[in-house]
């Protein structure tokens, strides 16, 4: 394998996904550089979430392969992929509703634990050390996303915008190398969206992450993504920088233009 | 094994299978709509035999009227159980409804024990069902023909109700998608009540036939035939009425044949259904006639 | 530094040691001074506390609705009984079909027998859990119920090991308050440690959202099996203690009604609450005995009242129904009653009080 391929954090090679006879995604290719902030956009039903589910291991693609830092991860389960350094958030928030905010983040840390169950039951030194490290780390993460003041609330008690932030903090707790954000700004008001964009940029730099996000909110994608891929009916119709995408005829026709016309 | 004994076993298998089928229908209909194992269904079946028993024994009704009364009362009981213990939990976690169902099941079984006493009772057998019929070399009583024929007849009627009537349409709509059906103006509550009434009525018919066939009735007879018939419904494909009949029939027939051909395994008869359940769920979770996409998302 | 640490240790462990000492003194007093009937209830309470906690771990904390607890209790009870009975008793009990070697010639102490019961029932739990935990909710329930029934049917038929439907008689009555309450305390300890640990958070995460838990790297299979096996082990040891307490067991003891009883305790106390399980298991055990009067014939004020068999279970079924319909989270919900929550309550009270003053 050549060196250049290893520079990419995430590579999808001619991925295809068939549901019964229906092709949700076909011949999907993607190369995300390490440290990049990469966007995936497209109209509803274009297959964006399918791509996410394949990358995070929820779905096994019917064709093609996924590579994380040059290592093939195709067909691994979601927990194994999380262990290898991909964390994600969900389009329709999936928090552990009856756990506290702090506990939600601590669950994210669970995957990096070394202490065995026996050590935990007997509260041996290594376990105690790990637990207090986790606690420190989790508290720090909550401060980073601005949720430290509600650490002991039940997750379900948080308002919507904070729940989205908590999902990001929980994902970060798994110490990922690549973070997948599924429509992070969905349902947020402009002020919240603004803060979220800042958070995403901060997080990328502080944790040295590669971020791959799906977004509907054009402003978010155009403002913070360095490159993006446009998907329509399961096919890639364009790839490039925001300005390239904005002036791409196909995109305007399939997505921006069509939508704009329909709205007016 | 002589031919006579074999044919006798076939007759036993067909009757037991038909009885299982009648019970399995109730499970499959309720599961289809509510996604709930109606644990109390076996107890509904048990109670029906006592309704019929006391109708004849205490109220000295003619057996025809007593049986019909028992069927009507059992159908009502089914509706009441749904109203009282499942409806309030419709939006609660599925486990709550399941615990409630288990609770009702134990409540009825033990109320039965309190009211009817633990000692088995002897069911009344009208002479009509005991007319001997000579079939070649073997002799069987009319009951052995009445049970399977009645079961098939009821299946036809039920299919008519579900596929040809308005309330049947409502039931199918509710089974397909609860919320959408509601939005489309389907009276879901009524559809569910009718489902429980029909399922319980069939259980009552099964119960009365059970009483005629096995003579002894007791308050504990509901739980295990009940569980077996739920398994039959899963085996046939949960939510599918024809599947429940097929599953019930095969389970009953299989049980009898297992004991007939492998007497060494007779002691394991009660485990047969559960082994079948586990194999079904592991190998073909949609059951024999289940539609693939409809089962447990 | 070292002095500080040992001081810390004394400060933390001191009160626990003292309360344990007081508790065991109480047990000593009860064991020697109380009448056999009360001691029996106290024993049963402890055994049911442990078993209920096990069921709660699986059904409540992990959200895996299992109905197989009676099967695991059977495995534990038979293992313990067969290991502790003397060869002489065994040959007397197995008078139709003799017991197979080596079981017929060994006799272990109670502790190793109980540990073996934990291992065997844990292993059976793994055998059953591994295929069953892929199902959810009601299907998991009915599958585990099915497995428990299969265990019972097997025990009824393997006469050279279990003596079949005749059951075992003359099991050495090792169970006393020290054994049963030590078991209960160990179960409470394990539950507290487990549920507050990283592993316990993962289990509760699975209960709340399997898909999200898996995406956070929680291995569903491992963690579900873990809770299933620990639950089976607690049930197994509980079954062993129970068998040794009542000294006779037979397969029909371990039918679904037994699972129902334990499930009822866990639901009444609150699925997901340790203290809830402890309180409910104790209350229900005591109530079971107190309500026995309903089922015994007696004369009150010169009027003869016949006993009504089944009345107790009617009362308990109604109680369960009322709780699930009107108070679905049980006494405790998923909260705990402890110094911490009392302190928190006091703090909240003080806060609101002060707020009002300001």
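Note that the chains take the letters A, B and C in the order they are written out, and that residue 1 is the start of every chain.
Heads up, the rule we're going with is that a contact is a pair of C-beta atoms (placed from the backbone, for glycine too) under 8 Å apart; a residue touches a chain by one contact, two chains touch by 3 or more.
Source: prediction; values computed, not measured.
Taken as a contact graph, with one node per protein chain and an edge wherever two chains touch, the assembly forms an open path, each chain linked only to its neighbours along a line. Taking the CA centroid of chain B as reference, the farthest chain centroid is that of A. Located most centrally within the structure is C, per distance between chain CA means and the overall CA mean. For the pair chain A and chain C, the distance between C-alpha centroids works out to 42 Å.
Centre-to-centre spacing of chain A and chain B amounts to 50 Å, using the average Cα coordinate of each chain. Inter-chain centre distance (chain B to chain C, centres taken as mean C-alpha positions): 34 Å.
Multi-chain contact residues of chain A (touching two or more other chains): none found. Across the complex, chain C is touched by residues 35-37, 85, 88-89, 92, 94-96, 98-100, 102-104, 106-107, 109-114, 117-118, 219, 223, 227, 230-231, 234, 267-268, 270-271, 273-275, 277-278, 281-282, 296 of chain B. For chain C in complex with chain A, the touching residues are 190, 193-194, 197-199, 201-202, 204-205, 207-209, 211-220, 226, 272, 334. On the side of chain A, the complex with chain C involves touching residues 56, 58, 77-79, 82-83, 87-88, 90, 94-99, 103-104, 106-111, 113, 115, 117, 120-123, 127, 130-131, 134, 170-171, 173-174. Taken together, the chain C residues at the contact with chain B in this complex read 59, 63, 65, 131-132, 135-139, 141-143, 145-147, 149-150, 153-154, 156-157, 256-257, 260, 263-264, 267, 271, 308-311, 313-314, 316-318, 320-321, 324-325, 328.
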